[in-house]
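In order of appearance the chains are A, B, C and D, and numbering begins at 1 in each one.
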Amino acid sequence: MLTILFDGLAYGMLLFVLAVGLSVTLGLMNFINLAHGAFAMAGGYVAVVMMQRYGLSLFWSLPAAFVLTAAVGALLERTLYVRLYDKTHLEQVLFTIGLTFMAMATVDYFMGASPQIVDVPKALEGNFELGIVSLNKYRIFVIAVCALLTIALQLGLSKTRFGSRLRAAVDDSRVARGLGIDVTAIFALTFAFGSGLAGFGGALGSAIFSIDPQFPLKFMIYFLIVIAVGGTSTITGPFLASILLGVADVAGKYYTPEIGGHRIEIGGFVIYTIMVLVLIFRPQGLFGRAVGK
Amino acid sequence: MTDATATDSRSGTDRAMIYFAERARWRGPEVALWIGAFALAFLFPSRALLFNEVAILALFALSLDLVLGYAGIVSLGHGAFFGLGAYAAGLLAKAGAGAAPLSDPTLGLLFAALVCAAVGYVTSFLVLRGSDLTRLMVTLGVALIFQEIANRMAWLTGGADGLQGVAPANILGMFEFDLYGRNAYLYSLTVLMVLFVFARKIVHSPFGISLRAIKGNSLRAGAIGIPVNRRLNGAYTLGAAYAGVAGALLAQTTAFVSLDVLDFHRSADVMLIVVFGGVGTLYGAVVGAAAFKAMYDVLAAATPQYWEFWLGLVLVLLVLFVRGGVMGLLGAFYARLQRVGGRP
Amino acid sequence: MTAVLATEHLVRRFGGLTATNNVTFSLPAGARHALIGPNGAGKTTFVNLLSGVLAPTSGRVFLGGRDVTTWPAHMRARAGLSRTFQINQLFAEFTPLETIGLALSEAHGEGAQFWRRVGTSRAVVDEAVSTLERLGLGDVMEERVGSLPYGKQRLLEIAIAVAPKPKVLLLDEPAAGVPEGEREQILDIVAALPAEMALVLIEHDMDLVFRFARTISVLVGGALFVEGTASEVARDPRVRQVYLGESEIDHHIEPATGKTA
Amino acid sequence: MFEILTRRQALGAFAVAACVLTPVAVRAEDVVKIGVIVPMTGPSASTGREIEAAIKLFQAQKGDKAGGKKVEVIFKDDTGVADITKRLAQELVVNDHVAAIAGFGLTPLALAAAPIATQAKIPEIVMAAGTSIITEASPFIVRTSFTLAQDTVPLADWALNNGIKKVVTLVADYGPGIDAEKAFVEKIKAGGGQVLDSLRAPLKNPEFAPFLQKAKDLKPDALFLFVPSGQGAQLMKQVAEREFAKDNIKVIATGDVTDDEQLNGMGDSVLGMITSMMYSTAHNSPENKAFVAAFEKANPTMRPNFMALGGYDGMALFYAALEKTKGDTDGAKLVDAMKGMAWMSPRGPISIDPQTRDIVQNVYIRKVERRDGQLYNIEFETVPAVKDPVKAAKAGK
């Protein structure tokens, strides 16, 4: 039981690192970036290439995945995304789905369609046995890294000058502009950082779940759920939503009701239903603040 | 009021009457398009199966255009109704075991339309409020739930293995679904045309105009007495029924239903088609579906493994450079032709 | 005589802010009433509560003697309450003819008809055309609304509200943003509205208010501050203080020429 | 049906003359076409690529002549979507006049095409899909891959013989998975074993951890796994994390999980894993050594797996049938020729069961070992000539 909670926590933490960039950019620029998962996939493949082809350790791959995907994110933001901000949500959706398709086919071309998986570093193999609970070392690592990142993010947002500007811009970008805050630059930086985090998460996750060209589509739905439930006005919301989703997903698979003589896994069903209900009754998210008008 | 203004007003009314009639008039290219579509069955009999898919896709896209292009509801889960319609028609045909009355294709269409309309009506309440993003996720969520249900109800739907034994009877009791697919195409095309004409009638009706008004400005629409929610309920229900018929056509003409009918890619593809063709134009759905399938056919033949890349590129370029999709381009071209023609 | 429009202890809060504070108000048929107040007095919120765009936190709204507090905007519109918006709320992709035709078909209860082409009823088209011509929009009725000059759009904003012949018409700064030369036209149109139609004008322009209104309410901080005939309000020292103290009157005679919208 | 067709053709006679049908009809005298429909894009893309590579290899080795005819292969990508499979099958029949359709990466795809085979009376050679019922969907279906039950039952026997009494099963929740679960559970129960729980993971699922934890908590002697080959790497990663060996739980699986093509990417954690399957790249026979060498030479980045074998043997079967009918492409005759056909494949001796048209083949129990720096499924037990147990049980009733 505790092991399940622990697994769910690790899964949820990872989901948060993967999704937080999307949540912030959505809140900041009201921009729907369905290609966010492609950045996560890119990070995953960076890890795969570095570890499988060049034999480097995961510890090197993680920062590399962050830097590379952040760079790609910055480049795309400046060249392509910037033209999309004044377009409708529909156009943004189509554009980013288009980008996702391109990314998937490109990865397929260079890396092949089969799922890739990387080895956990030797130091992190195996489990800690704590009485009845056995905790996987790599998952502990994942939780620790993600927790550190979350704390760093939270501090960065609340304590730094950039953070306060970012918060102001998320609250009301028009007013922020009026106050002389360079929202465009803040957005570019945030976008790059968010993409980098997704890449980092992808690399971190590549040792738990496999990475394949279908990854962006598979995870897009999870990202959207995180945002739907967590809202976009804070990072605490998506954080709690990710943990909730991680635990619910894992628990939903562990506790399977028996329907018609078969154990039937209804985790997905429950999660999607919760998402729809939250969206209907609390469109700003379960943990989001109600934004006046 | 003086007599003079009364006379003016009358001539103004005449002008206005002509104006309204002109807006809804059938134009030459439209008629040509439909005649051409039927002629295709005889000109290229070897491609009838592909044409059949185009016709079904066009109807599916048409259903989304009603929801997205007219009522302004952004849906990333419209495939839910397509799939529901496919299963409804498929199960009915299966129950009839290939014999009328239950396996009658027309009855199957009606049944699928009714089921989808009912479910569409109920779910329409979920998309009344909220931003584009909320609607997008709600529709996506509903579609995912549908897929989960179909997957879990394997005893009814066949689960991941697909629904076996779908055996529609002959069309109108006369025409068999032949191996060449020509009857299937003519059947699907006829259904598409009938429903298209009906949709065209609707968009030029007070109801249709009020939908566009809601899409344009729902605040003002409410202020002039348009019951916004009820109209959206209606439009979504109608779109659901149309999508259901499209799904039913697929189930009947392929005699098979797989879980794939509920897959996310159906919803994404159809949205892409509508935007590619031109939102809120009706014909955009037809043109978009044809262009999409043609593109797929050419690209998949050239680079079977990586055609997705080119599809993505087309999407990206479309959003960046083309407003209003293919119909927008055609409209601009047509307008230029007229200007050039009218200049001397 | 019963009021065509009335409120009882109407309250609306946004979070900690009380935008409408316990307003009890009543409007007789054929009224020519102005609602004035300094910026942020809650005038627009009040109009939104009357027209059903917002729901009140507490209190009630009556239309023609019926309690319409829970009614959505479209039902109030059908019951004879019409309004214009401070910022134009138009259908940019429509033509004025379509716009008014739509408003009329809804007013006639034909809006849900999907089997009939729009513009087949000569009576409705005739009514739409004469409304447009009366408001000086006859020459542009087949043009795209979004491409019309601002003054014409402002006229259309009024035309939509007037076309269904409402019992009560709320005009939210009808002349806002209209160039000086075209303001007279709007005033004339307002002046020519049928006498039995009850009008509420929300305005900053004191000149306009005193030319038009027979009665005036002053809203301050969301609450009714002063009510009375135009001359009573004009003489009321408290009103002068509110306005002069914040130099609102001077300030607000100006922006008519500015481009607020 | 033919009446309608002729009437319509008469109506559009001028149109038909203009289309490409006529030249094809002329050439059809000396060319035999076979349409291969496989997913080459989407989640099951690797299936299609293995089959394509194997078929190309077969033609490169054996030439393109059989029964005095030139054999032309047409590849089509159905992206793993059933209605596209069906349309492609139909077009291949109608436009290309293929003598047989083949391929089919997944069960629903094979089933979608079945009515076409029946209607057109041409063989449908199933090269990959593994649910038992497929061959029953049409009398024209012949299978050269395997059925899940076929692979599973020998493994259950092995488990019973090796002191495994209590098991938990975890399979992907779709046709083949349910087949595997059923076959394994029935065999274990019949052998006096105990099934503690049968878990089914959704086919689309990025996380196995909770199922594995559940299985671990039940403390069985062994955990039986089946997932389609694409998910094997991910599953095994998470299996390794749970450290079943510490609790003395054996992890056994069908060979899909340790798919040869992906085995190397799974790392040392799968070493020693016991699986059962009808083919391993490491199968020790001269036929297989030659096959693997040629395959890897032609496709340097790939390793042939059971999918490739399904494609390779499917072509071998088609060639042999054509030889037997002396070039007659009548579908019924081809299927008749295929029934009872037996030959030596790189996977070992195989034959087509004349009653069920399903494949009869050896199933091997294998263990993952490292050889020459690479991971392989090394066979250590052979169960000869296994028929599909599901259909065998039906026939027995």
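The working rule: contacts are C-beta pairs under 8 Å (C-beta built on N, C-alpha and C of every residue); 3 or more make two chains touch, one makes a residue touch a chain.
Only a predicted model underlies this, so the values are computations on that prediction, with no experimental measurement involved.
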Exercise for the section: Please state, in steps, how far subunit D lies from subunit C along the shortest route of touching chains. Expected result: 2
Handout entry: Contact-richer chain pair (by C-beta pairs counted) among B-C and A-D
Key = B-C
Handout entry: Most centrally placed chain - per-chain CA mean versus overall CA mean
Key = B
Fill in the blank from the handout: At the largest C-alpha centroid distance from subunit C we find chain D
Problem - Length of the line joining the C-alpha centres of subunit B and subunit C, rounded to whole Å - result: 40
Practice task
Go ahead and note the Å separation of the Cα centroids belonging to subunit A and subunit C.
Solution key: 48
Completion exercise
Cα centroid separation, subunit B vs subunit D, in Å, comes to 38
Fill in the blank from the handout: Note: subunit D residues in touch with at least two other chains are 41, 45, 49, 173, 202
Completion exercise
subunit C touches at least 2 other chains through residues none
Exercise for the section: Could you check subunit B for residues that touch two or more other chains and list them? Expected result: 305-308
Exercise for the section: State the interface residues of subunit B toward subunit D in the complex, per the touch definition above. Expected result: 42-47, 49-50, 52-53, 151, 159-162, 164, 175-176, 178-183, 250, 254-256, 258-261, 263, 300, 304-308
Completion exercise
Residue positions on subunit D within touch of subunit A in the complex are 41-43, 45-46, 49, 173, 197-202, 204, 206-207, 209-211, 213-214, 230-231, 233-234, 237-238, 241-243, 246, 261-262, 265-267, 301
Practice task
State the interface residues of subunit A toward subunit D in the complex, per the touch definition above.
Solution key: 3-4, 7, 11, 52, 108, 112-117, 119-120, 126-127, 134, 136, 138-139, 207-210, 212, 214, 218-219, 249-254, 256, 262-265, 268
Exercise for the section: Could you pull out which subunit B residues touch subunit C in their complex? Expected result: 5, 8-10, 12-13, 15-17, 19-21, 23-24, 201-202, 204-210, 212-213, 216-217, 219-231, 234
Fill in the blank from the handout: Touching subunit A in the complex, subunit B uses residues 68, 74, 76, 126, 129-134, 136-138, 140-142, 144-145, 148-149, 152, 155, 264, 268, 271-272, 275, 279, 305-309, 311-316, 318-320
